[in-house]
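Just below sit the structures, each encoded as structure tokens.
You will see subunit A twice below: alongside subunit B first, and alongside subunit C after that.
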Partner chain A sequence: MSGRLPARPGEAIDRGRPLTIDFEGRRAPAFEGDTVGSALAAAGVTITGRSFKYHRPRGLMCMTGACPNCLMQIDGIPNVRSCTEPVREGMRVERQNAWPSVDRDVHGVLDSFSFMMPPGFYYKVFQRPRWAWSKVEPIIRKQAGLGKVPRTEDHEPREVVNLHADVAVIGGGLAGLAAAAEAAAAGASTVLLEQRREAGGRALGSADDVDRARLVAEAEASGARILLGTAAFGVFDGPVVAAVGGGGLQRIRARHLVFATGAVEQPAVFPNNDLPGVMLSSAVELLVNRFRVLPGRRAVVLTSNQDGYRAARTLRDAGADVFVVDLRAGAGSADGLRVIPGSTILSAKGRRGVTAVSVGAPGSATGQSIPCDLVVLAGFSAPSTNLLAMTGAKLGFDDDAQAFLPVELPPDVHAVGAVAGARTVQGAIAQGRLAGLEAAAAVGQEPPGAAGRMEVLRAQAAERGDPVVLPPEVATGEGKQFACLCMDVTSKELKAAAAEGFDSMELLKRYTTVSMGPCQGKACMLSAQRLCARAAGSSFAETRPTTARPPWTPVELGALAGWRRTPRKETTIHDLHADSGATFMWAGDWRRPHHFATPEQEVEAVRHRVGVIDVSTLGKFRVKGPEAVELLERLYPNRFGDLAVGRVRYGAMLNDEGVILDDGAVCRVGDDEFFVTVTTGNTAALERWITWWLADWRLDVRVLNVTGAFAALNLAGPDSRKVMSVLTDADVSSEAVKYMSASSFEVAGVPSLVLRIGFVGELGYEIHFPSMYGEHVWRAVMEAGRPFGIVPFGLEAQRVLRLEKQHILVGQDTDAESDPFEVGLGWMVKADKPDFLGRRALEDLAEAGPKERLVGFTCDPSWLPPEGASVVHEGVWVGRVTSARRSAAARSVVGLAWVPAGWAEDDTEIEIQFGGAHAKAKVALKPFYDPEGARLRS
Partner chain B sequence: MTFLITCPNCGPREALEFSYGGEITRRAGPGSSSAELTGYLFFRENANGWQTEWWLHRDGCRMWFLAERHTFTNEIRRTYPPGSEPPVDAQAPEGAA
Partner chain C sequence: MIAATRRSPIARLSASLGASVETEAGWEIAAHYGDEAAERALLRDLVAVADVTPRGKIDLRGEIDGGVLTAAGEVLTARMWDGWALLLTEPGGEEAVLDRADAAAGPRAMATDVTHLFAGLALAGPKLEDALARLTSWDPSTLAPGSATGASIGDVRAVLVRRDIGIPVLEAYVATEFARYAWETVLGVVRRLGGGPAGWRALRAEGWS
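Moving on, here comes the complex of A and B:
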């Protein structure tokens, strides 16, 4: 079967815009408006894939994205539902799950070995002998799964969008369109989500397009925001509706939710019901009326209501030869269709597609054989209650509908259309309009005259339609009867599992994997429930569907993960560093120079001449207010009340466990104003910490994070004063700018706060200034320092320099249990202060005394122990190295290590070990370089 | 998945904009016993129901405030700056803290 039917009004394809897709290396023609599935059907492709377990040929069945039959690898992406995927010029389309090809799949022999794969086969086979599993597993793994995972990284930008509305309507069928149109026209802000790229739902395939066209136009004119191609897949706390579409994840929060999710057409169960050519009426109507493809010339339609007659007429009018098999005795046709009443399909025959069906009375062993190439299953459906159930809605069995329908809804949740049991178009539309009006009124947007209209709509909404007759079970017959197409679960397997005691839906699902596949129960829940009921000896009404959980529609992991972005911060001097050839490293979110020349050269320059490092990344806080001193006295164990204006004090913050959180400089820049620096990577956490306590204590202080507002340089080395005197007119003599002072003056013409502190252990100036002048000041410093041989230095040199001084790095040398006594900062704890964070815990810690100490060590430079190396004693682990570097000044390896407190004495011999390497080391409690700090103070 | 929190400064916002600060605790300061100290440091009520807790409007005004949240339903009954506890509502649902 190939080619197109003559053009008709309302068709989806644009015959003026032909294009070509690449189908497994062949060129297949298509039109703009086609889906991959419709284009392939027009090209005569009847086998769209191979089934999951038995590799049976499968063809288009639903055309609505509800079943697993047409999953294909499209442009490298696996498991795309080709029946709803729009065609694009040149797209590469491949079928899945077959080798060497879908048309000739050698794995199809598995179909004959199904006796080896009983339900629960995963649990039963390969238990013994145990060694066999390792041989079999790789083969099974290769067989399992669908599609091929793309090997290239996904760089598609995917946004997460939050939408807020008065009313959100889920589902853009006729009922949903009517609800959105009413709510929006009344003045409520309204969002409509429709998973397909066109609104209209079940009416999309209808030969008569009047209702749909009118409602789409009305909804568009109403001002409702209509999101097409956006599939709601879950309802979460809030409630928040999560949907995929529009390039990412949409999170919709609305005051009222209207569920118009419709119903999913269901297949019937009979032998070989999975053959290509067995289709649902939705597929037939869409193919013929929208895409103008005739899927078969000799058709048998199985039905029990008007849907089947509509499909039969559509096929007849398109030129097919049609039989209608009606389950209802006494059924007939007013317009000349050939009807076989009181009958059902007993079985289908065929290998690569259906060639005949056997038709007879339910329960009979044999029937009349009717040759055909198309079987249409029409009018059996299951309401899509899953999303509704996620809101907490209660479902109950409805005899007329032969389905579980919502019987109790949470507040502000509405259900309309087929999901609520409507079985006529006019009833569904009335329900939609009514819910739209009710929701609008509830959010204060009741239009004039609404009460009267609602009265009329209520009467129309009560219209339900004829009771549903579902097809009977076929007891016998040759060939597999599939309940679940995704996972290849047959009715026989379900019965066997029920006989083994797995006789409830939840157990059956877990044991047989029924409804666990890509369709998530859309195309199998009805069959599975009814088979389960019969096998367990109960009724359909007593057999509830399994618990509804997200995702209801397939979601790409990328959509949930969102856009892959890595935060990256650069100082205002970054570009100059890059121009100087700096090698960068990550320091938290920051990019910082690791080195410019070599770390050794940089260390040498700082120790003997002068160097400069960009320390703009330091966390900086401005603390101002009448109770600023009080705040700092409580935050730090140090005393600050006696700190004079213009002076700096080194301090460490503790938590109430007495553990060191951070350290840095506290500068008093005014009577009630301080400038506080903290460690680069800790800034955000400390801002939270400080402002949290401030909120609790409610002191009259303002704390402002000014990290980004100020750039900072550390100019250090014996010649740094000479460089400073070039940069400023201010007096920078050791009397005017003393060690541990904070002075305000212009540097290179820029107002700056200059701290005379020395993390690297030399005469030095930490210059803070507005960050916009970063490049200007950096250039001026390099220029002024040139006669003195100034070099820029990076983090590695700084780490060597600070280690030679035994200055600790919080987080590197300390951990979540380190208290100030252990790291030699006991001097800063002023136990006579009434209170500070950690004071109570420190009382106990001081009394017990430290069990471990952080100490310096030196060892032979032939081996550099890595950070984390063990300190061992007689082969037993007693501590660890936290930092170690080669030091030119100490002519050895220098480092910091945790050791038992009793060993914290100069020259105690310790042994360091890592892997097979080890070295003898000696404890050194004083800094390795300038232990008296004379150079700092010079 | 997420819910709305009404920041006393900024109004209702997505919970993702906020950082959680944990349930309110009674700090064990100087003079407290070791049992009180460990209780404050390591033990929490972990209520299944209404709980008063700290929240920070991290991606907004950066204000720390208190919220009364139902830990099972995520319903938030009220939010307020510390030190301005509103009078207990006579209509407060059962189990109110």
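Moving on, here comes the complex of A and C:
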């Protein structure tokens, strides 16, 4: 088998555009329009790969990407279906899973030892001694397998494209083309997905191209968006159809889905049914009629319907010597073909390819030997119901079709063509047209006269065709009979598995891996179901297929991943931080400076001179309305009705169980207006929390998350007032801008809200201003602070500074059970207030008293306990460390830890452990630095 | 003290693409990227993205009646739903609009200057739909010119305003903190479709305001 047949109209190849591909170091000729598989077939390559487990030679079988036989490594990408992959000049093609070569694979010896490798053997052998499996597993994995995934990341990220349409048609065969043409012509926005690079489905291989050409032209003219080379692989809630093609992932959302997914031709089961040269009739027709390659000179066609005769005529007309073996006893000679009626193939013979078949009555022990180099299996199909089933469609067994077909469809889902049981071309086309019209009408696009046409089409669509006759489940000859080509599962192995009790399809699948390979059941489900039924003593009709799950067609992980997008938040001062050499870290979604110089230097500057940190990431809310006070009184355990305009109060929000959700500053900026800050990481959650309660309480107040609207700087340190006085004309004395006040004045010429608060425990100003002035204000602050030795500081220094003051970080030092009493914030709970969130829980907690307390501790600086280190007592876990840092001010490690409430006394000794390290520590209830807060208030 | 100038968070990224900066209403704006004619061609024939962050933006919440919107004056109104509208103006126009809206809003509505809350990206050109298909799962055909909605773009939340100025335009307003990420993401998609960045001059020359 080599070379090309004479040119004919409708062939896929362009003989005027020759190409050369690199096939394992050799130059192989091809034409534009070829697939790798067709080009190699023309070049005389018969063995396209080695099987997964036994390393048996395999050849082209389906030419539609539905079987595993031709998987190759192409341009470094493994497991490419060479039968459908278009050729490109210079592409590198290598067969896979063999050593030293596919033609001479020494691992082929495994075929002789298959008796040692029954299904699930790896669950049973090499398990004792325990170390054995670790030695054997890598060897098994190396022997059994597919291609090699390239180590280098040299592929472009794949796109993810979202498409929307009134009607999506999945499958571009004749029924699908008809559906798309009708829907689009009626005015519905329509998209058609076809996995091949040409529309037409099974008709692509037909010698007579009339129906296909007419429908392709009609669909193109209708305005339907036709996506070729786009394979749907899953249907998800929405519904969303996921497909690969066009260089990435396509997500299609449509109001109506029309499934025209056709049927997959199935191999028959007989000894050596996997030999190169055993092919499906659709593949033979494609090779001969589209690619002009004759796959064999002497062919035996096994069939039970007209598909086989059409393939036989195709081969005969191309010059082959053809026998037809017809399962039907009454079949006679047709069109001059030699027909053997009432017979089947009992076995195939050959080593590197088929050389003969034995033909006889089903069940007979011996038969007539017919020399041949091609066996064509025709007319045994399984409807491609998987995608349809993912919509929730119900399937039922159809006796005439000898297959499971849709019997109940969800609303807005249609099934047409072979997947719906149509076995004639005209019936399939009528079904497609009808579904297209119905879908269009359902979205309000019913063309004039549609009702009459639909009536006619309904009658035509009812045409089903002749009942299907399937070959015997197994034959009697010698040799392996493969049910699953992907995983090398034989009929004998399925029978043995069923005898072990794995006697349903779902169990068989999991135990033997049948249908779990690259084809995902396309080429084996029919055989597997029938063999399962036979082994379990039930009928085919009672043996349902396995649950349909994505992916129905193989998908590169890169396509699922798409472009790597990691949304990140950055303040408007980010670039200046980068210019200053900041080392950034993730803080939730934010990119924040961890440090600029060293954290120790930054801490020293804040404690002794002045520092500035970008705290723009703080969550900020504008709360305004006549009932703004009422809202805050309900959200917080604090009191806010008595908060004067221009004053700030620290508050902690609780949930209904009294657990601390967040803390921050609440500033009264007007009679009915507040500016509320919350922690960086909680902003979105709190926005939802507040909005939810606001909707419930129906208060006359509006809340707006203004986080990004304001940049914020915390200017802190004993010299911070001096820097402020350079930045503003306003009076910033301690009398004018008091501790815990909120003042509005210009800073660096920019209107700002200045809060006199201090998370780091020094005289400080939190300056909030419109964010797009961020760079301007930052530069101005740095310039004003230069004479005072100002430094920018990052999160690490801030953590040290706040820890020295025992200021908690919600989420870091608290958890999902922490209440205000436990963390020392009981003072803010105003029990005499009307109801507020968490009140009832707090009443109970107050009565019971805390079981644990969050306390400060100090320990020797020689060891820094990590966050999460255990607090132990006599070897028993009693608490944990939440934060710890080395403190220059305290000359020790300082930290916060949860301990039993009874231990919350100054100088109580505790022991901290982590891994093999441990340290003695002492409880300290007061801040380690400036415990009276004099510096803060200065 | 240096005069206070407002700068879009995207400014540095624009500068790295060769943006020529002009000052308008206290804003640094990316006027063009070296070839205004080429940018106009992108807008007319393919797709381009422009940083329109300097637009004035007023957020209206609560009971919004027609009177408030009328009082706001000549603005582009993005009406998200009954209780929320975003009023868009030329750079620097926000103060006047805020004053007018605030005065007309009454106690059951709140007008807030959110000029700095949102960064704005204008995507425009005949390939807009192709770009959006790669940026959002939301169906753009559901949004008629002149209307607005909330949806994600490039995986971040945005206020989307659909316009038609002879060429299709979608203005996307994302939280300021996401501005740089959003710009990089959108520009990446635009470039893969053959487009690129456009400055204010080209955008205005095509009728945008």
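Please note the rule applied: the second predicted complex is superposed on the first by the 761 of 938 C-alpha atoms of A that agree within 3 Å, B and C clash if a C-alpha of one lies under 4 Å from a C-alpha of the other, contacts with A are read in each partner's own complex, and residues count from 1 in each chain.
Please note the rule applied: contacts are C-beta pairs under 8 Å (C-beta built on N, C-alpha and C of every residue); 3 or more make two chains touch, one makes a residue touch a chain.
What you see is a predicted model, and the numbers here were worked out from it, not measured in a lab.
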| message | A:886 in the overlay: touching subunit B, subunit C, both, or neither? Say first, second, both or neither. | response | neither
| said: For A:242, using the defined touch cut-off, is the partner it touches subunit B, subunit C, both, or neither? Pick first, second, both or neither. | reply: first
| query | Looking at the overlay, does A:780 come into contact with subunit B only (first), subunit C only (second), both, or neither? | reply | second
| said: Contact-wise, after the overlay, does A:840 reach subunit B, subunit C, both or neither (first, second, both, neither)? | reply: first
| Is A:214 touching the first partner subunit B, the second partner subunit C, both, or neither of them? | neither
| said: With both complexes overlaid on chain A, does A:253 touch subunit B (first), subunit C (second), both or neither? | reply: both
| field | Contacts of A:162 with subunit B and subunit C, given as first, second, both or neither | value | both
| task | Decide which partner touches more residues of subunit A, taking subunit B and subunit C as the two options. | result | C
| Now for A:922: first (subunit B), second (subunit C), both, or neither, which partner does it touch? | neither
| field | Where subunit A meets both subunit C and subunit B, residue numbers | value | 162, 251, 253
| Touching subunit C in the complex: which residues of subunit A? | 159-164, 189, 251, 253, 563, 565, 567-572, 574-575, 590, 616-617, 622, 624-626, 700, 702, 704, 706-710, 748-750, 770-776, 779-780
| message | Give the list of subunit A residues in touch with subunit B in this complex. | response | 162, 234, 236-238, 240, 242, 251, 253, 656-657, 687-688, 691-692, 694-696, 698, 834-835, 839-841, 843-844
| request: Using the touch definition up top, name the residues of subunit B that touch subunit A in the complex. | output: 1-4, 14, 19, 21, 27-32, 34, 37, 40-41, 54, 56, 58, 62-65, 73-74, 81-83
| query | Okay, in this complex, where on subunit C does subunit A touch? | reply | 1-9, 12, 27, 53, 59, 61-62, 107-110, 112-118, 132-134, 136-141, 154-156, 175-181, 185, 188, 192
